[in-house]
């Protein structure tokens, strides 16, 4: 299995602050890969660099063999990368359905086709019944699922999830099962940032731990959570596993 | 053309530019702290000009003397406007606030039109035609006094923001709205005071402008645009920037008027605005937002 | 096709609209000349408001210099007719071309250089003012003294040259307004309409779902410019004269945005409702004042200002969304 996404020595600086420090890792096709670490470790910056919001100051980002350094966010999305935002950003005045139709229109140019596809995605995320509601009126868990639905509707090969699971445990489990389903049945590759260890342990095949912009550990989840450096910097001695 | 003329025109441009700069300073102060773009700025200036005209016409009071009371009236107007109306729009989208002031501007311009009619008015003081001679330079007395007043008021304002508690509190609001609230500053009141101060600048500038030029109601929008250009060129939110921008625009406009036709001055001003907006939107002294 | 157009509009509303349309169609038979001129004015504002609405309500870009397209459109068609005898229908095509170019330049500069929000509004004002002063010095088309169209025989209406009686202009402006509404409806329901709304709601999130925001914003500007320029052509041929001070002035730009703001930005019928309300009430005000022998220049403007103030304070979304909800219909989602 080849690497779908290859991060090679990527750095990002903001004036004096090094947010991402020569990071390297690979995400294989069909993987679920988690990035964890304390606040300020540079995880969301890493996502923003991959997604094209920032361009890297150094290193290479390669998607399916093609360099995507410096491309704009919409160009990167068109190449098959979907993303969610840490603080969800639905289109507030649009209905749930319309939110997803916008995304579905990326690859389906006719509105009826897009609507059909949006309907499918909404059904899978249990939002179909709320499709006529205004997005701004949804509860937070529903908005998170809407954010996910929107990203999924663009038919991505790689999905970047930024702290999707910050919810009650039942919600988290639901989210996890939806993601597992997409990963298993549609081969969707997922790269996720997460604080909720419950989700990380349940989903990820590989975990990368970041601290001060650099990688301090990488491996299978159960190895990583026992790593000395990871415990010192982030997890603490007692971890709910 | 002999260099004397260029020099005179340029100096004249600097002097009027300083007065316009003070007007723009008011806009900058308001935007810098309250973050509202005052589209009614020019109209407020026009009101100040008419106040000066009326006071001179009815009681023979020189604008140079009246500039403080006029500033006071405008201060109160600005304070009330911000406190009772604009404050409600603080959390609304940008274009809402902007349009609110557009509406206020429309009302003000037309009230002036009804009250004063469309004819031009001006203030003709006894020294209106005097001038000072510095070698080859011939400087209009009115312009000299107006510019001096503008500098004096601007200096007082700088000092206020830098050295008084109130001034520092206002700057805190500008830098960090939530932080200011958290440490117990009464932000709505500070906003109102700031708007009032910005309006006071306009009061002084307007009184001075009445000395050097005629006033008609439609001048409002022109002044607003001019203030925008000056502030954008100098740097939105920067006080020295407003004055520097005023001088720069004043000189360029004056010289442009000399080289081409006076009425084409406006085109140059707008061309400069477009260039600045595109290539250096933070202006000369501004910081990148 | 009518069915497809109306399948999102509640049946009651569709019936009401159709009735209104019939009334307007037959109006010249029972309305006097004055009422017709008022209606023409209403249609003009409804049309320009709708065109402006595409940029603002659909794509979220505040333009306060829209008069530039009116001026460009008007002058192009007027000059082509006045100097070269070219029919305004052909002239319109040329006018659209100029407007599209102008809009493309403004849009390109603004979006490439990330000029947004209030700065964008100021940029549009600057361009309009530049045009105004420029045309003031453009002696070939009359400069500040204005450009006058050859006035001919009013007894007969010539549609090809747009010379004729008010009734011709009535149906023309009605047709333009209806056309604009239909066009906007079609656009809103299409892919481009969804993309525009997404951009208006949250540009960064729109980019995250693959929308090329630069391209679609530019498209909004261009379409809006093209439509507005046709209003300019109408303006020129209806009033028979053009003065830079009037046609490019910021007052023109502001009066253009009143109807959509008051009626409701981003909605399909907002500009129409706004135009009816605003112009209807304003004319009533003027006639009432005139009946008392009071002639107050500027009263209408103050009225506009107050309306704008009231609406933006009390009903920021505009009157149409409020009305829609009061009549117990579903959310007007656009």
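Quick notes on this one:
Note that the chains take the letters A, B and C in the order they are written out, and that residue 1 is the start of every chain.
What we mean here is this: a contact is a pair of C-beta atoms (placed from the backbone, for glycine too) under 8 Å apart; a residue touches a chain by one contact, two chains touch by 3 or more.
Values in this document were obtained by computation on a predicted structure and should not be read as measured data.
Identification of common neighbours of subunit B and subunit C yields an empty set.
Comparing chain C-alpha centroids with the centroid of the full set of protein C-alpha atoms picks out C as the closest.
As a whole-number value, the distance joining the C-alpha centres of subunit B and subunit C reads 33 Å.
If you average the Cα atoms of subunit A and of subunit B, the two centres end up 50 Å apart. Centroids built from CA atoms put subunit C at 44 Å from subunit A. Remark: subunit A residues 51, 53, 72-75, 77-78, 82-83, 85, 89-95, 98, 101-103, 105-106, 109-111, 114, 132, 134, 150-151, 153-154 touch subunit C in the complex.
Residue ranges of subunit C in contact with subunit B, taken from their complex: 56, 62, 64, 109, 113, 115, 117-119, 121-123, 125-127, 129-130, 133-134, 136-137, 250-251, 254, 257, 261, 296-299, 301-302, 304-306, 308-309, 312-313, 316. Across the interface of their complex, subunit C is touched by residues 37, 85, 88, 92, 94-96, 98-100, 102-107, 109-111, 113-114, 118, 221, 225, 228-229, 232, 261, 263-264, 266-267, 270-271, 273-274, 277-279, 281 of subunit B.
Of all residues in subunit C, those touching subunit A in their complex are 189-191, 194-195, 197-198, 201-202, 204-213, 330-331, 333.
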